[in-house]
Amino acid sequence: MSMSERKLTPDLFRRANLDANKSEEISKPSLSFWQDAFRRLRKNRGAMIGLFAIVFVIVFSLIAPSLSKYGMDDQELMRANLPPKIPGLEKIGFLGVDGVDIRGVDQYEMKNVAKDQNFWFGTDPLGRDQWVRVWKGTQISLYIAFLAATIDLIVGVAYGGISAFYGGRVDNAMQRVVEVLYGIPNLVVIILFIIILDPGILSITLALVITGWIGMSRIVRAQILALKDREFVLASQTLGSTSGRLITKHLLPNTLGAIIVTSTFTIPGAIFFEAFLSFIGLGIQPPTASLGALIADGFRSLRIYPHLAIYPASIMCILMISFNLLGDGLRDALDPKMRR
Amino acid sequence: MLRYITKRVFSMFITLLIIATITFFLMKLLPGSPFNNQEKLTETQRYALNEKYGLNDPVPVQYINYLGKLAQGDLGYTFQFDGRTVNSMIANGMGPSATIGFEALIFGTFIGLFLGIIAALRHNSFVDYGAMIVAVFGIAIPSFVFAGLLQYYVGVKLGWLPVAFWDGPEYHILPAFSLSVGVIATVARFMRTEMLEILGTDYILMARSKGISKKEVIIKHCVRNSMIPIITILGPMAIGLITGSLVIENIFAIPGIGEQFVKSINLNDYPVIMGTTIFYSFLIVVIILIVDILYGIIDPRIRVAGGK
Amino acid sequence: MKKSKWSLLLTLVLVLSMFLAACSGGDKDKASDSKGGEDEKATEKPSEPQVLNLLDGEEIPSMDSSQATDSVSFEVMNNVMEGLYRLDKDNKPTPGVAEKHEVNEDGTVYTFKLNPNAKWSDGSQVVAKDFVYAWQKALTPDTLSEYAYIMGPVKNANAIQTDGDPLYGKVDQLGVKAVDDTTLEVTLEAPAPYFLGLTGFATFYPQKEEFVKKQADKYALESNTLLYNGPFVLNEWKHNEGWQYKKNDNYWDKDNVMLDEINVKIVKDVATGVNLYETGQTDIAGLSMEYVDQYKDNDDLYTRGEATVFFLRLNQKSEVLKNANIRKAIDMAYDKQSMVDVLLNNGSTPAYYLVPGEFTPGPDGEDYRKTNGNFGEYNLEKAKELWATGLKEVGKDSVELELLNYDSDGAKKMGEFFKNQLEKNLPGIKVSIKAQPFKQKLDLETKGEYDFSYAGWGPDYQDPMTFLDMFVTDGAHNQMAYSNPEYDKLIEGAKKETDEKKRWQMMLDAEKVLFEDQAISPLYQRGVTGLQKPYVKGLAHHLFGADTSYKWAYIEGKQ
């Protein structure tokens, strides 16, 4: 092979046609902060799985109870403690949904349950359909958690925001209050609160909120304190913005990321704490049940009737993991430092 | 620094006073009185018992008396046990509760740091995912479920460790481990995030380009600097352990404070409820103070001035 | 500067790691030590070690016999103390400090001859004035003894306790006299056939005045500030952790005491107890309903009937429950048998009565329960009928009632069951459940602020009266505004009656009256269930006062 020499001639070059107007144009589509965040969130596989699982559990907890003909409190002692049985999946041994209990007895046969009656998650000691109870319980746990997170958010953001925005003496006074509240063991307050108010969905939620907002308020305060001295705020102020405009247009949107992330962690925290309360007997009062109450109840008979604890525990596990994955993902997505 | 500490100690006592007050009045809101219930008590005796414990006095008088005694460190007598003081009950229960709390904190922090560091160094590898799965499970399983399973499988099935009770060091392992699961998870996740952030900073790149070995950079710069924020979460975590030990104490039959506390609520044992609350609060404010001071010492950027 | 900070942290870490290392190191040492110890013991002493290991759910609230009110205190005291008589395995009085006794003709004066060999654990003799002192102490108003009322049968005891009575506080007027060191004379208000059994009750135990006064406010707070005169002594008492009994070498009947040592640990969680049982660290473990199915086929499982009866208090302060038809309808509208079989699952039996079965035989030797038979049944049709009539009578077509409940897990399940059954079977009823901690619940009951409540009653002495006198008009434990003059008359009469047969008949009639009115809706007579190793023998269980005596217990066949 011979090397042919190649000569560079002027006619090989062409003048680039530079349009002076075009230099100002942005070739990539412009992305708002939120679009960008969402794009990054979508790339995070863990967070997307988490988000999907949460949506799935929520939707399913709303639909599932209606798939059974029994209600939350339909008791029948004659069919107590039945193991799970799902027609169609009976043959698959390792799923353990063939109506045979841990001792190898077909309880459906022994207790003369009608052939067409199948309890997908089994029944509890009062003969109630565990399927309905688990999903209703999920609803209640989620309800408590979202309510607690929402109230946390409102109180925390307002408190932290006011404290930081007005600063000075206001801030000082408000922070002393927080210091006192922070010093009270929250478990103690929650227990006392529930005893005084009678355990119920609302009192449990309020008890969770009573100390829960402090974390949120601290984060919001720190963020706003940092933002307050930034140039763009100063600029807006010099241009004559009112406090209201400053807060709604500049300060809050910039703290929103931190707020959302904190909220995603508040929710699993609340679910968890409610479970703990159930364990020490201060949770939701029967016949309503939350996931935590079902687990605490079923856990005692784990070795003999494992189905009572395993299903609610799995759902709780899925929820906790999903919220944490989503929270992590959101933090990565919303944190401007991660924006590269 | 000294001025800062004095100021903090002063505000600490104000905090405690307020807490004592709140607890006292909350207590008065609780339905029932400690003696309305003894099934076989006559009217006269009930009155006399209330008199003995000063429960017939007007509430403000009771309050003043209570604060007076509190100032002398006297938390009063329990109603549950004959002639025993709340101080002695707390003193008895403190040891075990504090011990497992402390062991769990130390153990959990070390394991958590280790998991967090290796996860960050092997970012997006199986090591990372594995460590994080362990961490996530730590926060996804309620401690009573975890402790119960551990007790059954390790204690009964395998027979490796004692099922319950409070005796030699081998009795500490299961409860301390059950309690530390939350700590491991929190610390590992926190450490990982911090490490990742610091690994990406310019000064690490700078140190590397100056020819400092990777090992040295990681140990001297990354780990050290990532550990600073960990100190801030140690405080709240220690508090969580003190109260979280309640369930663990119950399951492992450990004679700690937490169990006594829940029982005294059910029995309307006001002196024990108030005494324990104030004691817990005292611990918490002291822990917060120590953490803040430690933080000030370790991180030069946070100097006393702001004090936040 | 910078260096010092880090050295501080480093030292901290070092200290901690040393601490941890020490932990694990000590761990091994300890394990091998204890194993060696056990082996040695086995070779030294070929006969079986007489050691019993037990669990208890609570710390001992009191060791002062005049203060104790609860079953844990009663049980411990029953084993480390002794009254004039104690209950044997068949719940019959058997000599304790008293060797024998004589009763006068009308059955009101008991003369006890004390055993000169009965000793306190410091070696001194238990004398008659120790009883006089303890009994008077219990009745002294300053002592605030909750159980003082149990001395009621003794002459003047009630007057001494009643504020405003001329005898109030005058304990020297109590019908008990120390004739000499070994003779104690007790005068009763009226004949009480159950009095002998009552002398085994904690409040009737002796106390040595000299010792009590010397210890002052430390008395009975620790194991070494207490004198014992029972089969065992408290060797160790770790508050909130457990206690240990050791055989009492000064006990007069020590030859019949076989156990050398009983270790009791406090465990509150049932699952933990079961796990400890499986690993052999306890010889007996109580079970709650969830575990019964698991051990159903296990030979170690025991069930035992108790004399405690649970029932629904129907508060007649409530307009609706004032109607007898409605009360009757409620009693018939739920299935007691399946409640007991499925929900309780612990050897309890459905109750259609107030006075428990197999508790008190009458003068004719026949059980009270057998003579009086059952009241009420599960009958849905009749319940609905009565319910409809009742509703018409009160002029309502729907009612809302509040069920006051305990807050234990088992009780909550029961509450759910009642709610469901009543709402299903009685059209127009709506039940709301209020679960409260024990103290708060009792408080609400005392104030009468409830509609109906899940309650229980255990006997204090072996006589139907301990149940029956609860419901006299305005009685302290009536708590449900029940009042029937006929009932009051029968109870009052029975308390004064000297003829045993007539007295018995009055008590039989009283229960009938109570159920004609359907004042309560009885639920079940409680049973207990648990696991017990087959080598534990000779435990004596009692129906009232203390639950168990270990005096005659022994270990056989463990090795």
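Per-chain numbering from 1; labels A, B and C assigned in written order.
By definition in this document, a residue touches a chain if its C-beta (ideal position, glycine included) is under 8 Å from a C-beta of that chain, and two chains touch if they have at least 3 such contacts.
Chains and their UniProt names: A, B = ABC transporter permease; C = Peptide ABC transporter substrate-binding protein.
All figures in this text were calculated on a predicted structure; none of them were measured in a lab.
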- Task: Based on C-beta pairs in contact, work out which chain pair has the most and send it over.
- Result: B-C
- Item | Per-chain Cα centre nearest the global Cα centre, belonging to chain | B
- Just curious, how far off is chain B (ABC transporter permease) from chain A (ABC transporter permease) if you go by their C-alpha centres, in Å? 25
- CA centroids of chain B (ABC transporter permease) and chain C: separation to the nearest Å works out as 37
- Separation of chain A (ABC transporter permease) from chain C, taking each centre as the mean of its C-alpha atoms, in whole Å: 48
- Item | Of all residues in chain A (ABC transporter permease), the ones touching two or more other chains | 195, 303
- Message: If a residue has to touch 2 or more other chains to count, which residues of chain C qualify?
- Response: 271, 407, 437
- Indicate the residues of chain B (ABC transporter permease) shared as contacts by at least two other chains. 30-31, 148, 152, 265
- Which positions of chain A (ABC transporter permease) touch chain C when the two form their complex? 73, 75, 77-78, 80-81, 125-127, 195, 198-199, 281, 285-287, 297, 300-301, 303-305
- Task: Mind listing the chain C positions that touch chain A (ABC transporter permease) in their complex?
- Result: 270-271, 288-291, 293-294, 335, 338-339, 341-343, 407-409, 412-413, 415-417, 419-421, 433-435, 437
- If you look only at chain B (ABC transporter permease), which of its residues touch chain C in the complex? 30-34, 36-45, 48-49, 52, 80-84, 88-89, 92-93, 103, 106-107, 148, 151-152, 155-156, 159, 162-166, 168-170, 172-173, 224, 250-253, 255, 259-260, 265-268, 297-298
- Message: Give the list of chain B (ABC transporter permease) residues in touch with chain A (ABC transporter permease) in this complex.
- Response: 11-12, 14-16, 18-19, 22-23, 26, 29-31, 136-137, 139-145, 148, 152, 189, 193, 197, 239, 242-243, 246-247, 261-262, 265, 273, 276-277, 280-281, 284-285, 288, 308
- Which of the residues in chain C come into contact with chain B (ABC transporter permease) in the complex? 5-6, 8-9, 16, 19-20, 23-24, 26-27, 30-31, 59-64, 67, 69, 141-142, 144-149, 161-163, 217-218, 220-221, 238-241, 265-269, 271-272, 275-276, 278-279, 281, 407, 436-444, 446, 460, 476-477
